[in-house]
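Below is one structure, written out as structure tokens; the observations come after it.
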Amino acid sequence: MKRIAVQPEDFDAAAELAALEALGGGGVASFIGIVRGEGGLVALELEHYPAMTEPQVDRIVDQALERWPLLGVTVIHRVGRLEPGARIVFVGTASRHRTAALESCAFLIDWLKSHAPFWKKEYFADGEGRWVVARAEDEAKAAGWQSF
Amino acid sequence: MKRIAVQPEDFDAAAELAALEALGGGGVASFIGIVRGEGGLVALELEHYPAMTEPQVDRIVDQALERWPLLGVTVIHRVGRLEPGARIVFVGTASRHRTAALESCAFLIDWLKSHAPFWKKEYFADGEGRWVVARAEDEAKAAGWQSF
Amino acid sequence: MALDILYFAWVRERIGIDSERIDQPDSRATVADIVTLLAARGGGYAEALDDPARLRAALDQRFVPLDSPVGEARELALFPPVTGG
Amino acid sequence: MALDILYFAWVRERIGIDSERIDQPDSRATVADIVTLLAARGGGYAEALDDPARLRAALDQRFVPLDSPVGEARELALFPPVTGG
């Protein structure tokens, strides 16, 4: 099972997990990213490159499927304006092996951060907007999987 | 937040995730273990050491809390008779940092496998029961965290 | 002093009971000494306990190596390596 | 041949448009050559594009290094390093 969605709408994490659990593997790992309301942040705006986003996420998912014995992968990434507490991203993996499920889940979120065409802009109470700067740490984390 | 439960009843993964999401961190990682119906398995019986189980899981959770900056940890482990497709265990972690959430989730499931007093017996269609043998691989995985 | 002994999984099944109380022989006795003592009873005890390498133990609900002295502990549990998660 | 150029995030904001079509100068031109060409327009273009080290690019929806030749590509996207997830 491969499920990829890029959408402004929220998602139902329970339904996504249930679909992965139903695949008959022994383990389902998931990661949910959430907007933090720190430093007076009032909203996050997620821009993306529509023609590229889904094909690129699909390539990342295919890499995970090549690398680990997975029964299912789900990636949902939201775009548009999101408020503190809102979910941004869901990554879920199902496998017969817990290590495969957990590692591939970590790989997918690391690669989404550094290899998928999304850009975050933070808005604060004073109306000011600030583009989030890519962290060298995230690049390094994604690069770490190359030699894995 | 620290939530530990050892129970025969199933759990509501969505409610557990929602509680972790509400803690204000940026990330929630989870792992759900499920009974696989392979080789004609009809049920899994989970025995445990009641006076020791919760205190021991609590110690493992405390180690995770010492090692990673976590806002919340939930561990639910079922006991008794479970059929294929049934959930066995839920581990969920919330943190400001996705890596802390993912690593601590992997640590917790590895340590539960090798450091919590549960024993699995598999029952097959012919009525035969077979105690699951601990895998050296699991011991090694748990030991790997020592030098982490 | 009395020592409660608990058995789990196939150790429990082979011995045929899940717990019993014994008189602790000596506070300097190790878990392994008690395993040897019990195995010497023969039958299910020998079957369950004759290969200490396959056993794990807890004293007062804490995992311990088999060469640990029982000391003042009130409860000794004997079982195979755990398989939870 | 026509080349569609797309801008994202602060590159888009500084230039003030999200896309435009240009005549491709030469199929041997690299992405960096086109960035230099556009930056030479000055104003928002210079502001957005004068430091290629801060830019990333995609040709026909595939990430490429800035020294890649544009070749037969129909769409070039210019943007800062991505920050999704």
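Every chain is named by a letter (A, B, C and D) in the order it is written, and numbering of its residues begins at 1.
Heads up, the rule we're going with is that a contact is a pair of C-beta atoms (placed from the backbone, for glycine too) under 8 Å apart; a residue touches a chain by one contact, two chains touch by 3 or more.
Quantities reported herein were computed from a predicted structural model and do not represent experimental measurements.
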{"item": "Contact distance in steps, from subunit A to subunit D", "value": "1"}
{"item": "Centre-of-Cα separation between subunit B and subunit A, whole angstrom", "value": "23"}
{"item": "Intercentroid distance (Cα basis), subunit D paired with subunit C, Å", "value": "72"}
{"item": "Centre-to-centre distance between subunit C and subunit A (centres being mean Cα positions), rounded to whole Å", "value": "48"}
{"item": "Multi-chain contact residues (two or more partners), subunit B", "value": "33, 98, 109"}
{"item": "Contacts with two or more other chains, residues of subunit C listed in rising order", "value": "85"}
{"item": "Contact pairs between chains, per stated definition", "value": "A-B, A-D, B-C"}
{"item": "Subunit B - residues contacting subunit C, complex", "value": "33, 46-49, 51-52, 55-56, 77, 88-89, 109-110, 112-121, 131-134, 138-139"}
{"item": "Subunit A-facing residues of subunit D, complex", "value": "6, 8-10, 58, 61-63, 75, 77, 79-85"}
{"item": "Touching residues on subunit A, where the partner in the complex is subunit B", "value": "13-14, 17, 21-22, 24-37, 85, 87, 96, 98-99, 101-103, 105-106, 109, 141"}
